[in-house]
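Presented sequentially are two complexes of subunit A, the first with subunit B as partner and the second with subunit C.
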Partner chain A sequence: MTADQTEDAAPPILRLAGVTKTFGPIRAVDAVDLDIRDGEFFTIVGPSGSGKTTLLRMLAGLEKPSAGDILLRGERVNEVPANRRPTAMVFQSLALFQHKTVGQNIEFALKMRGIAQATRRARAHDLMTMLRLPHDYYSRPVTRISGGERQRVALARALASDPAILFFDEPLSAIDYRLRKQLEVELKDLHRETGKTFVYITHSLEEAMVMSDRIGIMRQGRLIQIGTPDEIYTRPLNKFVSEFMGEVNVLEVEQGGDGALHAREVARALKGPKLPDGATRGHLVIRPEALRFLGSGETADNVLEGELYNEYALGSRVQYHVKIGARMFVVERLREQRAAAAPGTTVTVGWNAADSIIVPD
Partner chain B sequence: MIARLLIRPAFAWLRQPGLHAAVPILILLAIGFIGPLVLVAIFSFMPPRSFTLDGAPTIENYQTVVEQSFYLSLLRSFAFAAGTVVVLALVCYPVALGLAKLFGRYAGLLTLILVLPLFVSENVRLFGWVLFLLKGGGVLAGAAKAVFGLELADMLYSNTATLMGLCYVYLPFMLFPMVLGLSMVQRDVVEAASDLGASRWQIMREIELPLAMPGLVIGGLLTFVLSLGALTESKVLGGSKVIMIAADIESAFTFGQNWPLGSALSMLLLVLAGGLVLLVLRKLDLDAILKRR
Partner chain C sequence: MGGGCREPAVRVGCDGASGGELVMVVVAKPLTRRLIIAWTACVVAFLYIPIVCVFLVSFHKARYFSFPFSDFTLDWYGKAFSSLQTQELMLVSLKVAGVVTAISVVLALFGALAFARFNWRGRKLFQRLLLLPIFFPQAVLGLALLIWLTFLGVLPSWQSAVFAHLVWIAPIVTLVVSIQVYGYDAAQEEAAFDLGATRLQVLREVTLPALAPGLVSGALFAFLLSWGNFPLSFFTTGADSTVPEWLYTRMVAGYTPLVPTMGALIVIGATIMLVLGYALIVLRRRRANSHG
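Here is the complex of A and B:
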């Protein structure tokens, strides 16, 4: 992550230096250092209670850091309240003004700045066009539009004052799957269209992968890994990050003198990447899609036999649970490559050493 | 067949089980609530100083109200009621905001302290104020003289003392609906307004007041109607200087032995206050405001 900061010549739009927030004895956010580049889509991912919301609230000015500095375009903004920061936030609950119309909601920031009615109205209509909201919604109460439309109104409201940075506090978490997928794409497109800096928070790494330029993984108040979606996916820093991505097979392994890896649950010695120098233990991570079923004559670096426990169709892919020894392995194949075997039969599963990674705890 | 179809909708409501179940309470309300009101209404059109309902109807009592300047005390009562609402709104808003949003676990304790005096009879509390404000020997004047050497002007038996008494007695009726109203304002909505550039005042005007309006209106109406009919406050703290409409009504029925005049005054008060309440409620459409949440 320090490499990131030196690589980039342009000064960051937002710099966090040792930002800490304590609530009594709890360190909700613990010495976070982070540079967010101008125009990037940065997502902070973490489980609930990891401090990501507190961090975002400090960035938006709704909370003051207990220690450390927040620099917006090089200027310290620790003490600047939310209403005087050139940033806008989309809340988890959306926090729309229920007593106002769609138009009044969108225009709110402009009204607060004393901008004339006609200008406000024109801007609201531009935003409604951009976010594909029907123009006759302008004078409709926000209570009388659908969930997806409310999302768009919240977005338009945040965009109205042309903020430098847009913050998102899990705005899609309470939305059903289909609409969420659609809005993820729309958000990424909106990011492209506006060219603004987006800072997004979610507990779903999958959601972060879809949209982000860079991702920061947060755990217990600390940013433990920062990288592009690709880096996070292929080189997770530790077991926590690798498991956060979704279902993966993680085996606790020890390296023997011959370089082979030994896992307690698996009888055979395994081939895999070398453990870091000096380490004797680690976690072998094998992604479900790296595992495949071997027919007769086919081979791989690691070959194990087990019982096909069950299969689950995921649309374009099929997931299998395969019981090998005491351990349930997750295998995921494309539909065209689905296993010929029925649940209950014995199957051979294999993967290559290069498709697995070793991570520390 | 056709006749039955035509008749049925008109009388269908008579056969509703809900109506049948409500019959006992309807009878009780008719005898105990509507009955006396009708009696008062009829009495207000009876000849002055009559005690029966069989006199020839007349509007003489209403003429008396205007001629003998009873309308002045009616106006005074309205002014006091309006004043009480204004003062209480200003006093209660910060307290309600604190109770609803800021005090956290101390809110319960403060509520208890505010409610505790209600366990003591209103008259006793008002006489307590008399002792406090009494000229010369009162707690306030005495303390001012002893500690600061100040001679305080007479405060008891004045409009100010009466207004203060009204505000003191009806404070909870404004405060608690207001607290309820303000607790309906979600924290993130206020934060969103602030994030969008609203100052504290703008947040109050644009977000808090409109969203808390149901509570504010209910509190305002309660205090207005209660202080409009208030009697003890003016008698105890206003003395003979401050005559409110309720005092006029009382004396018409008692000393004056003029039931029709008392009835006419009551009817005027009822119609004016009722009309005002209906007007406010219609304009604000409480149901719609409450349902929107």
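Here is the complex of A and C:
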């Protein structure tokens, strides 16, 4: 499940072959192979320290690989510095030029290419229209606009020179939830409108799911799984990936001779998918939304009794913590399917074997 | 002093120039306000009356200090500008202050960048060692430098005074510039580089303009501290003499009415520099705000 096995008609815009970056004894990026297709929205997801920022900086030309090759449209660009690559980066801090106006920021790349003032200005106005920035912001200092507007100025500035690839270094990480959700949608729409290749990094798989065509999961300098959001969601490679998705119920299980699964924390034998051939233990992953409360007469493949510990309203959904044996289970239901029981009472929880998956460590 | 923001009792961010920072200003009651005004007037008088006296004396026709003042004249200013000796004095002061300013701003820029951006071994220790000369009595520092220069076989002149001034002034300028550097996101430089700028363009388009306010204040500090310095110059100029040195030697022996005049000229020189520096900052800000 590494790079694409199928030969695409179009060659990849960016090909990474064994790209490695070492800082002293630390392998920040460890032999990454990856093909990024022309025009796709590719997101690299990983916790902090996984090497994703270092990888992105190498792609942008801000850092040189210690080993391996980076090919841009088939040409090796390892030694080409950032200022001579046809790519642009949107930085985590946005890095807008604080002493310049909105217009001067957007036009910067064009000015560096010696393009005439009138042409630059026209281009800046086009970009401002596309990103829905009012034209009278042109002469305003960047310090006097709002956070969301600053994001759009940073995007316009990166787009000004018409780069082949746009890199994003977690630009939404410092933004409050509501604005972030809105900007995620805007970014995906911008990707559609421009048709450019976007390479995005984030520590939030949720954010990656919303926007990406494909996602690469990074851990300890390695890309451990690459796939569409759907593939990552339904077939996570291992426990790490499945837990990265947010709150899930993971039970360490062993398979008995009869095919039943036994978890240490749960007294009853469980029904679930088969472990891979040769394996004796694995992790049973049950999503919070796969669990439901069973009334009298209702049944499921697995039925457990526990104490409803607490409930948390999440807008359209409600989350419950249910204590079963020594273990807290997370259950998520739509608001209209909420539990009739109050915290402290005993409830019956069930799920079907087909709604759970088995992953290795 | 109490003026500016009056209506509400408590106001946040009333100072328009402070741009975004939160400043809590509590408006005082009438009696408190009167006391504040009286106190402020006392402080201002205490600080400025001596300098005003020097100015008054510099216009005084008589050869010696006397009170009350009788006739006023501009003769001494005419003499100060026409005398070859005083011209030479001002030239030496100007040369020393100019060279000290140029060198200390460059040292401060790179020093401040190194402190703010990189974490290297011994950084903290170096920072303390660098600041230590500020706390030495300047006379002791001057003497130490003179002994060292003699030991090295360097003939003291205005150039060695430049060196002496730098020992004391460069750390102060580094501190002033550091404040600006700490509040500056260095990712702006990477962004400029990523957008196609060469290293030189990054310096010209991003680093220098972003740090300009700090560099201007640093340069002002350097110039003014060097321009008015006496103890370090006294030990290290050798045969050359700066205006403050000349003032001292003339007071000790051979007083002339040019003394208060030259004193007044030093203050005027410093004031001109301050006004120029301030004008530069205001102009920059205005241009940044009205870019079309």
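Simple rule for what comes next: the second predicted complex is superposed on the first by the 356 of 361 C-alpha atoms of A that agree within 3 Å, B and C clash if a C-alpha of one lies under 4 Å from a C-alpha of the other, contacts with A are read in each partner's own complex, and residues count from 1 in each chain.
Quick note on the criterion: a contact is a pair of C-beta atoms (placed from the backbone, for glycine too) under 8 Å apart; a residue touches a chain by one contact, two chains touch by 3 or more.
Keep in mind that this is a model prediction, so the values were computed, not measured.
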(message) Following the superposition defined at the top, how do subunit B and subunit C come out on subunit A, clash or fit?
(response) clash
(request) Please indicate which partner A:93 is in contact with in the superposed arrangement: first for subunit B, second for subunit C, both, or neither. (result) both
(request) Kindly classify A:174 by the partners it touches after superposition: subunit B alone (first), subunit C alone (second), both, or neither? (result) neither
(request) Return first, second, both or neither, reflecting whether A:103 touches subunit B, subunit C, both chains, or no partner chain. (result) second
(message) In the overlaid three-chain picture, which partner chain does A:139 touch, first (subunit B) or second (subunit C), both, or neither?
(response) second
(message) Quick check on my understanding: which residues of subunit A belong to both its subunit B contact set and its subunit C contact set?
(response) 60-62, 81-84, 87-89, 91-93, 95-99, 108-109, 111-113, 141, 143, 157-158, 160-161
(message) Quick check on the complex: what are the subunit A residues that touch subunit C?
(response) 60-62, 81-84, 87-89, 91-93, 95-101, 103-104, 108-109, 111-113, 139, 141, 143, 157-158, 160-161
(request) In the complex, go through subunit C and note every residue touching subunit A. (result) 19-20, 184-185, 187-188, 190-198, 201, 205-206, 209-210, 212, 288-292
(request) Note which residues of subunit A are touching subunit B in the complex, please. (result) 60-62, 81-85, 87-89, 91-93, 95-99, 108-109, 111-113, 141, 143, 157-158, 160-161
(message) Which stretch or stretches of subunit B touch subunit A in the complex?
(response) 186, 188-189, 191-199, 202, 206-207, 210-211, 289, 292-293
